[in-house]
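Below are two complexes that have subunit A in common, paired first with subunit B and then with subunit C.
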Partner chain A sequence: MSGLAIGIVVLNVVLALLFSLGAAPILVWIERRVAGLIQDRLGPNRCHIAGIRLGGLVQSLADMLKLFFKEDFRANAIREKFLFSLAPVIVFVSAFLSFMVMPFADDVYVEGERFIMQGLPIDTGILWFLALAGLSVYGIMIGGWASRNKYALLGAMRSGAQVISYEAAMGLSLISVLLCYPSVQLGDIVRAQGELLGGILPAWGIFLQPLAALIFIVTAFAEANRTPFDLVEGESEIVGGFHTEYGAMRFGLFFVGEYVAMSASSALIVTLFFGGFQLPYLNTQTLHVTMPLILGAIVIVVPLGSFYGIRWIRKHNRWALPNDCRNRESAWLSNIIIGLNGVLAAGIGYVWIVGLSSFSTQMLTALLQVVTFALKLLAMNFVFVWVRWTLPRFRYDQLQMLGWKVLMPLALANIIVTASVIVLRGA
Partner chain B sequence: MNDFLFIFLSFFALLGAFGMIVLHQPVHSALSLIVTLLALAGLFALLNASFLFAVQIIVYAGAILTLFIFIIMFLNVKESNLPKEPNKTLYLFLGGIVLIPLNLLVLRAFYAMPLLREPLAEDFGEIKPLGAELFTKWLLPFELISLLLLVALIGAVVFARKDEV
Partner chain C sequence: MGVKIVPRHGKTLREKLYLPAIFGGMKTTLRHFTVNLGDTPQIKTFSYPEEQPHDIGERYRGVHRLTKREDGSVRCVACFMCATACPAECIFIEAQEREDGVDEKMPKRFDIDLLECVFCGACVEACPCDAIRMDSGIFSFIGKKREDFIQTKEQLLAREAKENA
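Up next, the complex of A and B:
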């Protein structure tokens, strides 16, 4: 393996960590601020390090530290000590591993060797996600059972029943997607979505399979235990559900695991139905060919955007006193943005002087695609948060009715229609 | 490396199976069975059968065992309600002896199998060749098995249904 190859592998691992684990504090922040927005209040924004608040992002750091340094408490009534401690680990590890097959960018070729741009270079794709989504429920069930607490056990039972009924609909909705893109590898599916439908629409999954997309998104909410399917926690009726007895970092693992699972679900939704890492109308080949033009566009657009961004920050984050922390933070942030623009200009200037080699074109394309994927992921995560603060929780019987009597028949009908269309077009 | 992984996974597969029989609590037995199933999935992966690996986890570990544990938790067996098993070790030992002829038969069948000498196809064990094989060469057995599952499903529904007025 050459140095470049090792560099790419390390880059993949770092990106996977950033997107899953690194995203958790950002998602917590988004959750709180969006909750504030929807409920017409501000949300946490006072926590700061030396006057730097980042709009409340520092609060997540404070919460993390709180969970770390809290007393690791376990009630004496709990007899299954090993299983009690194992449960959060299962939830966290399976959520984390399920993120590892999401492609961040198109394959990169270095010296004729192919590198899949995802955390683990395995090509079982969707099957891997389904397998780990099925395993994560054990964490909740074991945790709820080992707690020896009525509410925790109720939460565990609800989670078991919910996963069994929604996994069926989820698998069936995926079958019609797999019929459209004949591969289980997520990379192939995303590449197929880089084409155009009739020359106008990008061939995204949501346009090809709108019903499958709807069913999959609903079941993904259920798999990630997010509202309106969070009966597992159901704080208004069963205290905290499966994690009633948990505290400190044991609870922290459940908490972070939930956000990582949510992020993995949105990554899969983006990958299957919203074109994954593909920029609309600019697939990988087009990007390779038009890279000089795109770099030129970036040189114009990014400084312009930064200028308006800095103006927005200065307008909204200021105070009458000249040496107030808000004014200092604004100055600090604008310096960082200007610095980043400088780095960008230097990088593009360097590329302009040296000229684009095949490798640098590939890396720049990958960089653009990673940014595209990150933006789409954030948008989908925002939808998760938006739904959580908009819809009320389902009642248990409504949940089962929806799963078995609505989603499942719809998914089956969708498979038959899709298969008929494919057979008729092939014949 | 492969040998080490094989020994590691086989050890856990056997340990899980042993635990499932020996452990007293039903939940512990079911959890122990999950260990076996996951280790078996790992063994499939070691044989390059990536589709079987995924399906083993999705279907057995993910769905069927979830249902097992769900039912066990639903019944909520108390410690005092569990049967006392006084001569458990003796019975297990005797049962093991009774099963020896069967094991010998399986071993003989295993050694009677032809050894595979030519290299396998590039896409061995992936979803496409497996599907093609199932739906062309083994279509009838495949459909019969799905029919069997359907019969079991309908039977369960019929039993569970209350007599409606």
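Up next, the complex of A and C:
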């Protein structure tokens, strides 16, 4: 392996970590601020390091520190100490690993060697995700049972009931998607979505399989234990549900695991139904050919976006006193944004002067696709948060009713229709 | 009396689908989100403490004060009406004879324990001489020790009514 190849592998691992683990504090921040804005309030914005608040992003850091340094308390009544400690680990690890098969860019070829741009370069794709995402519920059930607390046990029971209600519909909705694409490997599925549908629409999963997309998104909410299906931790009825007895970093692992699972679910939704890393109308080959033009477009679009961004910051992050930390932070942030724009322009200018080799074209394409994937992931995560602060919680018989009587028949009908269409077109 | 027929909801296909209602709700929350994101300063949240509440009216029950007569002496006659009326039993009065001829009796000590006080205003209602009022407009009282919260006669006398601009 050459140094370049090792570099790409390391880059993949770092990106996978950033998208899953690094996303957790950002998602917590987004959740709180979006919740605030939806409810006509501000949300946490006071925590700061030397006057730098970043709109409250520092709050996540403070919370993390608090969870780390809190006393690691475990009630004496808990007998199964090992299982009690194992449960959050299962939840976290399965959520974390299920992210590892998400491709965040098209395959890169270096010296004839193919590199799959995902955390773990394996071909199992959806199967890996389903296996690990299904595993996380064991963590919840073991944790709830080992807590020796009736509320925790009720929460664990609910999680079991929840799994049997959505897992079938989820698997069936995926089958009709897999019928449309030739492979279970997510990279292939995304590549197939780079084509055009009748020359107008991008061949995204949501246009090919709208019903499957709907069913999968609904069940993904249940999978990630998010509202409206977070009945596992129904705090209004069963205190905290399965994590009633957990505190400090044990709870922290559950908490981070929830956000990582949410991020992984969004990543799969984006990958299957929203074209993954593909820019609409610009698939990898087109990107390779038109790279200079696209760089030109970036030079125009990014400074324009930054201009509006800086204007927004100046308007919203200021205070009447001239030397207030908000004003200083705004100035600091706008300088950083201007500086980054300068670096970007200089980099693109350099690329223009030197010219694009085949390798640098590939790397720039990969970079663009990673950014596209990140933006789509962020948008999908926003939908998760948005839904959470809109819808009330389902009762768990309602969830079972929905899963078995509505979603599963729909998914089955969808499979039959899809299969018939494919067979008829093939024949 | 006429019969009022209450329409039962949830029977039509549109309502059974749930999705139109869900999207309607999501539209509402998204509208709130975008409006607030576009113009955060119009959100009603105060940036306390830089921004102080401006809705403290004349009748707001803040920290107590003892009123004075025209000559500047204490108006209180140590009748114990307020201490009797107090549901939290936070007023401690020790009376003494008044020597200057204005009145017969005055408080030697007049302590209010703000940690006990429930700010109900019963003492103000009970006072026959209008000697105790809660119109200082102080809504947040800060101390570093428990003793700081026991307000003495001198502290209560020194406080003035909030000027309503």
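One rule holds for everything that comes next: the second predicted complex is superposed on the first by the 427 of 427 C-alpha atoms of A that agree within 3 Å, B and C clash if a C-alpha of one lies under 4 Å from a C-alpha of the other, contacts with A are read in each partner's own complex, and residues count from 1 in each chain.
Assume a residue touches a chain if its C-beta (ideal position, glycine included) is under 8 Å from a C-beta of that chain, and two chains touch if they have at least 3 such contacts.
This is a predicted model, so every value here is computed, not measured.
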Overlay on subunit A: subunit C relative to subunit B, clash or fit: fit
Angle at subunit A between subunit B and subunit C, C-alpha centres, nearest 10 degrees: 120
Touching partner for A:T390 - first (subunit B), second (subunit C), both, neither: second
Broader residue contact with subunit A after superposition on the shared chain, subunit B or subunit C: B
Partner chain(s) touched by A:H316 [first = subunit B, second = subunit C, both, neither]: second
Contacts of A:R41 with subunit B and subunit C, given as first, second, both or neither: second
Partner chain(s) touched by A:I116 [first = subunit B, second = subunit C, both, neither]: neither
Subunit B versus subunit C - smallest C-alpha distance in the overlay, whole Å: 26
Residues of subunit A that lie at the interface with subunit B and also at the interface with subunit C: none
Residue ranges of subunit B touching subunit A (in the complex, touch as defined): 27, 31, 34, 50-51, 53-55, 57-58, 61-63, 66-67, 69-70, 73-74, 76, 127
Residue ranges of subunit A touching subunit B (in the complex, touch as defined): 83, 122-124, 127-128, 130-135, 137-138, 141-142, 145, 153, 156-157, 160-161, 163-164, 167, 171, 184
Subunit C partner contacts - residues on subunit A that touch it in the complex: 34, 37-42, 315-316, 319, 324, 386-387, 389-391
Of subunit C, residues touching subunit A in the complex: 22, 25-26, 28-30, 32-33, 36-37, 40-41, 43-45, 47, 50
